[in-house]
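Across the two complexes that follow, chain A remains constant while its partner is chain B and subsequently chain C.
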Partner chain A sequence: MFDYTFQWRQAYRHLPRMLEGALVTLEIAVLSLVIGITIAVLLAVARDSKSIWLRAPATAWVEVARNTPALFQIYMAHFGLGSFGIYLSPYVALLAGIAFNNAGYLCETFRGALRAIPQTQTRAGRSLGMGQAQTFRLILMPQMFRISFLPTTNQMVWAILMTSLGVTVGMATDLTGITQNLNARTFRTFELFAMAAVLYYLIAKAVMLAARLIAWRLFRY
Partner chain B sequence: MFDTAMTWNDLMFMLRGAGVTLWITAIAVGGGTALGLVFGVMRSALSPWVTWPLAFVLDVLRSVPLLIQLVLANSFQAIAGFGWSPFVTSCVGLALYTAALCTEVVRGAILSVPETTRRAARSLGMTWAQDQTQIVFPMALRVGLPSWINLTLGVMKDSALVLWLGIIELLRASQILVTRLQEPMFILLVAGAIYFLISFPVARFGERLEKRWREHD
Partner chain C sequence: MIEIEKVYKSFGKLEVLKGVDLTVARGEVVSIIGGSGSGKSTLLTCINGLEPIQSGHIRIDGTDVHARSTDLNKLRRKVGIVFQQFNAFPHLSVLDNVTLAPRKVLGMSRAEAEEIAVRQLSHVGLADKLKVYPSRLSGGQQQRMAIARALAMSPQYMLFDEVTSALDPLLVGEVLDTLKMLAEEGMTMICVTHEMTFARDVSQRVAFFHQGILAEIGPPEQIFGAPQHLETQKFLSNVR
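Presenting the complex of A and B:
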């Protein structure tokens, strides 16, 4: 059936370079998640605010992020902004695209978590003489992060998977980019991408395991 | 920015691309859901000791980037000598990916049906198949359908990745126009608007369905 000789050794030789790429992938994913979480908290506050000037842009952000492909968002950052004379490098464009996407999804996660916190918590905070911002920062936000910890880990895994899209805008240093470069040089497509797939799987599992450990350490009573 | 060189013909070109996107989505979701239903029922009915190989494969499909899966599927079909066109390859790749996600939706929905309800059905003399089709399925549908709608929209958005295999779907079509007309912002905005118009109403419908069905619990 197979008129093909698998050359695993050839692909295996490039493992160190691919591992370097895996680090870049992880770096982008972590950065995009941190930026995403920061923006998502602001968006979550803005979406539930009374002022339409805050609510409308936040809602637009969330709906666009959730209803268009991640690849489109990265294209927008890389090619689209070029119309305004803003030229982002593939790295920055990829990071911006994923962070934009993360922020949109996490905003909804956080809003759901905020709704799950009893109203009495806010009132208790205010009764103790805390300001509105203080109550949010010291009472609501820690609980919000705790409730949304699992969905946030899932978002982290998606962020890792999304970094693979960078190759379409010329990203050459992350795992997919390096694999694609090696592929162009050696034509060992199946072997190289199979190894990349294994690495992605291991990264995703490692992140899930780390999250599990962190949750176990942080959230025990 | 708004005086564009884009013609109606170019817009038709993009809409044809959107048609390809919808076609691929329909085929992938159709095939993926059929597989997902079978796998989901298997995963919920059989012991984990029996289904772990299946669970592992589906877990891999969910943990590896779709782009890598598509490239692998494409090179595998070439290695195996199937001679599939990129369109068939992407449909198969996306369908397997959909199946992996759909299995979890189906399994979660089935497991949400209380054990006692199913025992009651069996106590009334229903067979396993009757219990599945007349008790579990209607109850699980209410839990699973909103997630399934989200899943379908997710696959529609992820189907943009098949441009890597050389299929001219919506995003690839707009990229071709960008190369020709050099107006990236305007053309991408049109493409984004088309994606949004497809996705947003369906997402809203799903949300409403979820809310309405929850009220009657």
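Presenting the complex of A and C:
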């Protein structure tokens, strides 16, 4: 009834290839977070703006990013744009899809954090002669990042794990892509995907550790 | 000179200021007293343009604060304000709290700004707290830091909005001493306060606000010794 023989040694031989894939996964995750966080800050500002021309597109972005499957978003970046003659490579499509998703979620996280900062902080900044943008950048943004740090780490982990969806648009060089190929060639399904799972776990831990270090360095107060 | 002329201000349907006139000359210290909701604090936030007004004029050295053409960011460099809630920037050390605006608004170098900040912080007795974050300071220390922060911009006018109201009674003294020192140095000041002794000792004139109207203004001896207005008499008899 159970005649699967584990052959770990065979699977281990592929570890170096898988580590290369892990590196690509890490790269996409980090890039998607950097891009996502940057856009999220802009979206958060735009969503609370007085101008409808800023508010409407930002709201639309958040609505789509949060209320449609991430898989759909990556599909659209690859096949959807492809139908309009805009061809994004699997790598770029995956990165764009996840960055899009990150920006939508983090926008709301940041907006919540901004609400938690007393209004009087803005008043104090403005009364010292700082402009609106200056007050945001120098007074509000640093506090916003600190307040939203823990929910942001959630999104970080989510972004790392989401990269595995790249396989659906033909991504072959990331951890899941490589594992998939190795599996097709060797049929060591359980061993290979178990190893991939451990690697994903380690990547997530590494990113978390880096985030903690940055937080420890930045949020001294 | 700060000229306040027939200023009306409302929040929605609530009229907070109903035609206030007040002129404060250079070097003068004016205290504003009155009950809660009488519009005292609102007036201060209108003076530096944090709040718009519905009608009337406020001019600082001839510049109309609420004119469209007025660059408020520039005007605010002249007018420092300290709030009831100290509004320390929690993510910056005491030194950085004070150097931030001189560096980013006035474009000073870090060294220049730090020199001024150290001088101002020593002035208010915080020379030993430069590297500390505000969360480690007592309320009185935070408030003195806020005063140093405003002074680092070398303002010509200072507005104080109930700066001791959020403080422990033990800490009120240290902040009032700082204000007294400033007054003695000739700073032009408008102080909204509930500290009657302070108002009497430090100000040249005391203004009594009642329901959005400047009911009575005069030298402290008059306001505290022989108040003319019925509401002033009532207020002061309750305060004592």
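Note that in this section the second predicted complex is superposed on the first by the 219 of 221 C-alpha atoms of A that agree within 3 Å, B and C clash if a C-alpha of one lies under 4 Å from a C-alpha of the other, contacts with A are read in each partner's own complex, and residues count from 1 in each chain.
As a convention for this text, contacts are C-beta pairs under 8 Å (C-beta built on N, C-alpha and C of every residue); 3 or more make two chains touch, one makes a residue touch a chain.
Small disclaimer: the values here were computed from a predicted structure and weren't measured.
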Looking at A:F2, would you say it contacts chain B, chain C, both, or neither? Reply first, second, both or neither. first
In the overlay, answer first, second, both or neither for which of chain B and chain C A:R220 touches. second
Just chain B (first), just chain C (second), both, or neither: which does A:L128 touch? second
Does the superposition put A:Y200 against chain B (first), chain C (second), both, or neither? first
Scan A:N67 for contacts with chain B and chain C and give back first, second, both or neither. first
Touching A:P142, do we find chain B (first), chain C (second), both, or neither? second
Listed in rising order, the residues of chain C that touch chain A in the complex are 45, 48, 50, 73-74, 76-77, 80-81, 83, 85, 87, 89-92, 100-101, 104-106, 133-135, 146, 149-150, 153
Under the stated contact criterion, what part of chain B meets chain A in this complex? 1, 60, 63-69, 71-72, 75-76, 79-81, 153, 157-158, 160-161, 163-164, 171, 175, 178, 183-186, 188-189, 191-192, 195-196, 199-200, 203
Report the residues of chain A in contact with chain B in the complex, numbered from low to high. 1-4, 63-64, 66-72, 75-76, 79-84, 157, 161-165, 167-168, 176, 179, 189-190, 193-194, 196-197, 200-201, 204-205
Within their complex, chain A touches chain C through residues 118, 120-121, 123-131, 134, 138-139, 142-143, 146, 219-221
